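Every chain is named by a letter (A, B, C and D) in the order it is written, and numbering of its residues begins at 1.
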Amino acid sequence: MYRVVASRAFRAGAPQKAFGCWFNLSRSAHTLPFATLEADEISGSKPGEVYNLVQGKWTGSSNWSTLLDPLNGEQFIRIAEVGEKEIQPYVESLSKCPKHGLHNPFKSPERYLLYGDISTKAAHMLSLPKVSNFFTRLIQRVSPKSYQQALSEVQVTQKFLENFCGDQVRFLARSFAVPGNHLGQQSHGYRWPYGPVAIITPFNFPLEIPLLQLMGALYMGNKPILKVDSKVSIVMEQMIRLLHYCGLPVEDVDFINSDGKTMNKLLMEANPRMTLFTGSSRVAEKLAVDLKGRVKLEDAGFDWKILGPDVNEVDYVSWVCDQDAYACSGQKCSAQSVLFMHENWSSTSLLSKMKDLADRRKLEDLTVGPVLTFTTEAMLEHMNKLLKVPGSKLLFGGEELKNHSIPSIYGALKPTAVFVPLEEILKDGNYELVTREIFGPFQIVTEYKQDQLPLVLNALERMHAHLTAAVVSNDPLFLQEVIGNTVNGTTYAGLRARTTGAPQNHWWVK
Amino acid sequence: MYRVVASRAFRAGAPQKAFGCWFNLSRSAHTLPFATLEADEISGSKPGEVYNLVQGKWTGSSNWSTLLDPLNGEQFIRIAEVGEKEIQPYVESLSKCPKHGLHNPFKSPERYLLYGDISTKAAHMLSLPKVSNFFTRLIQRVSPKSYQQALSEVQVTQKFLENFCGDQVRFLARSFAVPGNHLGQQSHGYRWPYGPVAIITPFNFPLEIPLLQLMGALYMGNKPILKVDSKVSIVMEQMIRLLHYCGLPVEDVDFINSDGKTMNKLLMEANPRMTLFTGSSRVAEKLAVDLKGRVKLEDAGFDWKILGPDVNEVDYVSWVCDQDAYACSGQKCSAQSVLFMHENWSSTSLLSKMKDLADRRKLEDLTVGPVLTFTTEAMLEHMNKLLKVPGSKLLFGGEELKNHSIPSIYGALKPTAVFVPLEEILKDGNYELVTREIFGPFQIVTEYKQDQLPLVLNALERMHAHLTAAVVSNDPLFLQEVIGNTVNGTTYAGLRARTTGAPQNHWWVK
Amino acid sequence: MYRVVASRAFRAGAPQKAFGCWFNLSRSAHTLPFATLEADEISGSKPGEVYNLVQGKWTGSSNWSTLLDPLNGEQFIRIAEVGEKEIQPYVESLSKCPKHGLHNPFKSPERYLLYGDISTKAAHMLSLPKVSNFFTRLIQRVSPKSYQQALSEVQVTQKFLENFCGDQVRFLARSFAVPGNHLGQQSHGYRWPYGPVAIITPFNFPLEIPLLQLMGALYMGNKPILKVDSKVSIVMEQMIRLLHYCGLPVEDVDFINSDGKTMNKLLMEANPRMTLFTGSSRVAEKLAVDLKGRVKLEDAGFDWKILGPDVNEVDYVSWVCDQDAYACSGQKCSAQSVLFMHENWSSTSLLSKMKDLADRRKLEDLTVGPVLTFTTEAMLEHMNKLLKVPGSKLLFGGEELKNHSIPSIYGALKPTAVFVPLEEILKDGNYELVTREIFGPFQIVTEYKQDQLPLVLNALERMHAHLTAAVVSNDPLFLQEVIGNTVNGTTYAGLRARTTGAPQNHWWVK
Amino acid sequence: MYRVVASRAFRAGAPQKAFGCWFNLSRSAHTLPFATLEADEISGSKPGEVYNLVQGKWTGSSNWSTLLDPLNGEQFIRIAEVGEKEIQPYVESLSKCPKHGLHNPFKSPERYLLYGDISTKAAHMLSLPKVSNFFTRLIQRVSPKSYQQALSEVQVTQKFLENFCGDQVRFLARSFAVPGNHLGQQSHGYRWPYGPVAIITPFNFPLEIPLLQLMGALYMGNKPILKVDSKVSIVMEQMIRLLHYCGLPVEDVDFINSDGKTMNKLLMEANPRMTLFTGSSRVAEKLAVDLKGRVKLEDAGFDWKILGPDVNEVDYVSWVCDQDAYACSGQKCSAQSVLFMHENWSSTSLLSKMKDLADRRKLEDLTVGPVLTFTTEAMLEHMNKLLKVPGSKLLFGGEELKNHSIPSIYGALKPTAVFVPLEEILKDGNYELVTREIFGPFQIVTEYKQDQLPLVLNALERMHAHLTAAVVSNDPLFLQEVIGNTVNGTTYAGLRARTTGAPQNHWWVK
């Protein structure tokens, strides 16, 4: 039987320890009490190491793989990859968790408070400059983006944790009841955990995506096994150590590094009651089949922006377009993939301003950087196919970055925009090509005439992945028309609308 | 002790009876099974009679008062007015209801279902053309307004009842719970009734206001005593008979006709745990003092409308202004009392269109009619005071209706608009005069320049009663500025905004 | 493009028509204005016919199949089965609906009110004795159960519709918003439809399950294609005609009869954005794979009941056990499959009372009747396997019904209970056998000692389908122990707990 | 006009400052950066001083009053009491705040985030041992209670603040919307502030009550003036300084020390739109009248506990009774005032155990201490009146504390319990006497026979103040009977039920 008692024991001890160290933190200038490495010192000569966590113990592996520094190709991180023959402890660990979870409203409710405490302490840790700098730099090392972009990820994570301080975790477990038909009868509705669950997350937000999903699962009483894309898993490995330091019972989460095949085998054997997968549509579909539908998917998006007929604040709109398309080198799920400009915008300086802004991006400050899932060649090849479409033209970019030492397994492309005429986009032969998502600094631009809005809406309806979108207009009738005739995870509306930037408060409002 | 058993007995019997009559209703062309009179036949020679209901019995009185027909002065309704010495049965009836009510989530929950049934049946009754015509005409007889306006009141009431069909009453009693600190501990939040309560309602919506407030009170387990302004109480007297026919236990509601002094005495003796008062601010303040704060007030409003800088759809906006100011002869709580026009509207045909629409109103179809709380003289006197303010002028109206037989205790005024300059309105000497609410077909009109919006906002801030308002504009920044800097019960925003028209779905959304 | 205008046109016309007939209904003793057949007259000589509905038109088929009367084997219903080559119109119809649906908060919001009206009218129709009798009898003809059980299904459906009268449909579309980071920024959360969807429902509740799922889909703006198990689809075919009569636009719902292979092909081609499947786990798993996870499943349950240590109200508990296990011949998803008795109950008359109640069930009044998915032989074979388990014994039943004319493709079994010792149930060799769901009048009974509760909980944890359960006890600590350590869709708790009986108010509380 | 800009300016500056000091806090062992005094050093020779805060400035007064140390009578605190002639700055400050508040969803929404930050920082401050000890000791100095009881107050305050970290303040401002009748129409519901408000709080919880009410008001955009009972206002004066340190704009809150008459005058002149008063019923009634109902009242309670027929855990129940009646010397609003014992408890050791526990309370550790609103004589006189009721008897206590130096303006009584027979309690002559609330270590005990529950319920129904109650039983039918027939702010149910202990999560669940 599962020993809840054991995990409670962890709770009792941990906060004391954490508290004792609160002040050490400020006295010592050199080390973070939870960390096992220094973000800035990882290098070919002093590689970082990433361990696995199972049944409360950090473990290595018989098979360590090596990661290349995306900026210079040095072998800078070693990862303990779990092989197919080593999954048994993980399967056992997950199976020990019953379907009714580690806690629920009728079992160990004090754990809701424990998680309120952990969130409070972890949020405070991330608010300390030294800690937030540590994670910001660690993110930059493995998922190159500007300091500001990486810091934002840490701050969103901090705010998310702040949202679950105090009693807020137990408030998540709020139930309801309505009177029944007779005296003594009531119907109650409770939130129950799944029990054993798996979380699989991608490379582009190494901290925010896994942390938010992990904590959400834990709050409600699930026992998750977490697998982060090995290219960036060093970030969450350190974050889990921080959570332990803040009181997280060490047996509540397992953490694994492995290839996809091994993870698939593990899932088939351990049979978690729910798997949350964030990543490519291709893998998502395979998982849906293998897990017989017991999977929640957060997949990609070919995110569109429409500029409406009311032209205003051209400077601001250009800046947002640049950010949406090229921040994080276009490697946000919500990055702007296609821009539909109303003809009124064509006569403005919009495109030239966008070009100027793109030109200011540079490798030195990582405002543009390595692309982790497409090579330079692959992106240029895609661009060349697009340029063969009648009427297409290169607006800017379209070349490899200069003077870089990015290894060739990664991509290195200047921020690029290709214009394709609307009529051509809609043609069957072109549509699939134009709407292929390129997870890099790459966007399509097109124009529509006043009477062509139905064509634009038709183009949107035919897309497959609907993650985010933006309708840039303050005209209430135009907004209504576009919003009422489209479907997206998130639609930003208004003159200052953007496709990116979903903050922590979008995630857990409900 | 209160006998819940008795009221349950009524429940078991009533639906059968009601159902048996369902079909009679269609066969008989002449009478409604619940009604004791015909709306169109009430007259000096055949006066209608209004009874009281207490402890399950309809009763007369030792003192019948008489009501004048507002259209021709005939003595057309007799009312059994309860005197100060006759209140004992009402005091007793109310006192018999315990503080925990006739039902609550732990007592007689089957009554939530009973009230779902009553609402279903009553809503269906009101959907029958004969029944809706009966109440529409009855409303017109005592609170003269156009057929359409009176019918709307019946329809809103029907929709309200439809909203509480089936299980919706018990869903109102939905509770919540959150996990406690230890195993076995949970905190629950329940909605509990007040027990004995009083409801006092005005003349202008004889059916909608009392019915909605009455049912809301009953749904949650309260025992109300209802007093409607005697001028119109005949409508609710008949409606309560309809509710009985649909299964309402006869002891659940008491209904009283009396003067204010008697009602005050009753309240002091019976000491209901909450009184809901809709009516004049003057009485409201006295009640707040007498009942030591145990009162909820729905008082009047000096309702404003602002036309923003973006001129559009002048015809439509004029029509809404006419409806807002003069429908029901201006005797809605939400009637437009003052109109602030942006200067851009001054050069349009707005005011002349408003004048044309006002001219089309006539006594024959009651698009303008008797004013029940102001005499003609009182309104003209107020107008003349306003016209002495420098820069003021009469826009239209300002005369007594022609060829009418409205008795002199009531008012008979053509739809009237007076222009007063904004700067004058703001002066201390004028402000109280200009913002005095006239419950009749009367409005103030003023104009503001592009840079005078702060003066308008200042005028709004200084008002006392904030019921409804309208900001007529599609400009998002203008809307934000006005909405963010004002306070109202309901603010309508957008080019088609109005001050009147709160439908049933505003009331019970939460 | 889809023509919303067309469906609105239907709306405008239909209510008038429906209303005109309201009264005809009471005058004519013979026919229902929407129905195309008489429930009691269907027979071999006058078979009922079931059509398909697509793109607003009722259509037959080139291939009519025939259904046997489950009580006497007559060929009493003809069904227009759509073949694989005839699916094109259905694929087209579904494809015409855009992903943003027929309505959403920014598109055709008047349709929320339309659906409030349809629900009001349809609920009222079902409240008329002639209409409710029609559907009750029609259900009995194809899914034999007692009049009371069939009537309950009609009444639950009526109550469900009552819950969505008036404004309640638009209240379902309630959205929320929170202030953003800056002036002018807010985040809104809206409920959006899937657009084209499919609903597939089983035989056991021919009216309730499809109607509730269909209306829920329609309320939120989806366009559903509905497929009901052909054995009982005649009921929903008539119900859709009633809905049309009450104002449902004829193009809003498609209705199809076909075999599973054809339906599968249709789904693969039309690619609905969500499919709601209620039925066997086997088909459910195949659908999850074929539809790549875009499916919501309501599958079976091996529903358990535990009698706690506090013995009380033995008569009542026996009666509930009999109802839970054998009402509808055990063909409810929520039927009691296994009973865990605390040893304190063994010494009472519980089992003998259960036997007496089972003996009173008879074919004449359909308190026991045909089993539609298991033959008599299959059930007896399963029973015999169970009786080979050491310590097992037949408690009662275990024989074919006497003097019946149920065709041999269906089952005819007396209400049956088999005792299996708890220790044997838990053995690996036996567990799968004992927990196999038999969708008929069949249950397992076992006993546990005071110290064996952990074994019981272990047995529950190992089950696969967790639909409903009952914990029969008023002991708060026992309840907490069992509830906190199990997982179910619905758990009934308390001395009067049952496994069956989920009423309309369970479905849509949220 | 009010300058929102000014308050925003404060925001920008404050967090930086606060953050800079975060670490100082840990380095310096001696002082708290926000505090102006040391809790343990206040004494006759070094009195503490309490200032007022108005329009952003801490100010003294022309008239300082002096407070006696409740433990030894020393003049240990000086208070700057504002006189009737000095209220003008306070009136002006309040009047500057418009009715739409300092922020609302359409005005300065960034202030919701500011208050999330302030809460985060203040919660963290209270989590630091030095800070929590400071407030715990300060509370003990002015409102003598045990260290544990005073610490609990600090911790509840900390948890409350944790509940409003991050985005939780803006989530409070969550609005909703439902679709309207036509395209382009939606109804939105927003939470709006009152604008200028007043908060008046009592002596017994010097930190928790004012802080929770103050922050709740601020979160939603109100501008409060706070008046805490001068006997304890030193605690909130220091707490406001802490809030300033954590970023609270100095103009957002005014803080005043004055007598009741002055405060009344201030309220009449400044006319806040809502006043929240916690305190005696007598003052509450006067305020309701003076403020014409614009007041929310949290008054006293004569809190009852019923022990049901099922006797269990006598030790635990005795301990809870002792805590409920005598912790904080009975000076909680929720303190147990009367205990109804089922006869089954009479034969147990309950009363003797309660006596033993009461005997262990002593002045040294403040488990019993000064009574701030009743003198010893007043309490003994009340006791003696009770003892004249036939059948009454002293169970324990009933004497002045020994060896104390509590000044005679305060009370000093041993924990006391008086038994009064149930039949006597119910007599008209006795009822008012017995149910008089004594805000000190004093309770009534009575007994009821199995068939006397209706008499008990009758006694409860006749009470006036219904704050908290406890039904000590695990019998579901008994619980249902008592809960369904009573009314209270909070009812605790179950064998471990208590009357006291409302934690932070009760306050803001909704």
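Assume a residue touches a chain if its C-beta (ideal position, glycine included) is under 8 Å from a C-beta of that chain, and two chains touch if they have at least 3 such contacts.
Model, not experiment: these values are computed from the prediction.
Any chain bridging chain B and chain D, meaning touching each of them, is among A, C; the list is complete. With chains reduced to the mean position of their C-alpha atoms, the one farthest from chain C is D. Chain C and chain D have CA centres that are 53 Å apart.
One simple way to say how far apart two chains are is to compare their mean CA positions; for chain B and chain C this gives 45 Å.
For chain A, residues that reach two or more other chains under the stated contact definition are 105-107, 167, 170-171, 174, 176, 178, 181, 183-185, 476, 480, 484, 494, 505, 509. Contact residues of chain A toward chain B in the complex are 105-110, 112-113, 167, 170-171, 173-183, 185-186, 188, 474, 476, 494. Against chain A, in their complex, chain C makes its touches with residues 98-100, 104-107, 176, 178, 181, 184-185, 187, 189, 192, 195, 285, 288-289, 292-293, 295, 297, 454, 461, 466, 480, 483-487, 494, 496, 503, 505-506, 509-510. Interface residues of chain C, counted against chain B in their complex, comprise 22-23, 26-27, 116, 120, 123-124, 127-128, 159-163, 165-168, 170-171, 174, 183-184, 476-477, 480, 484, 504-505, 509.
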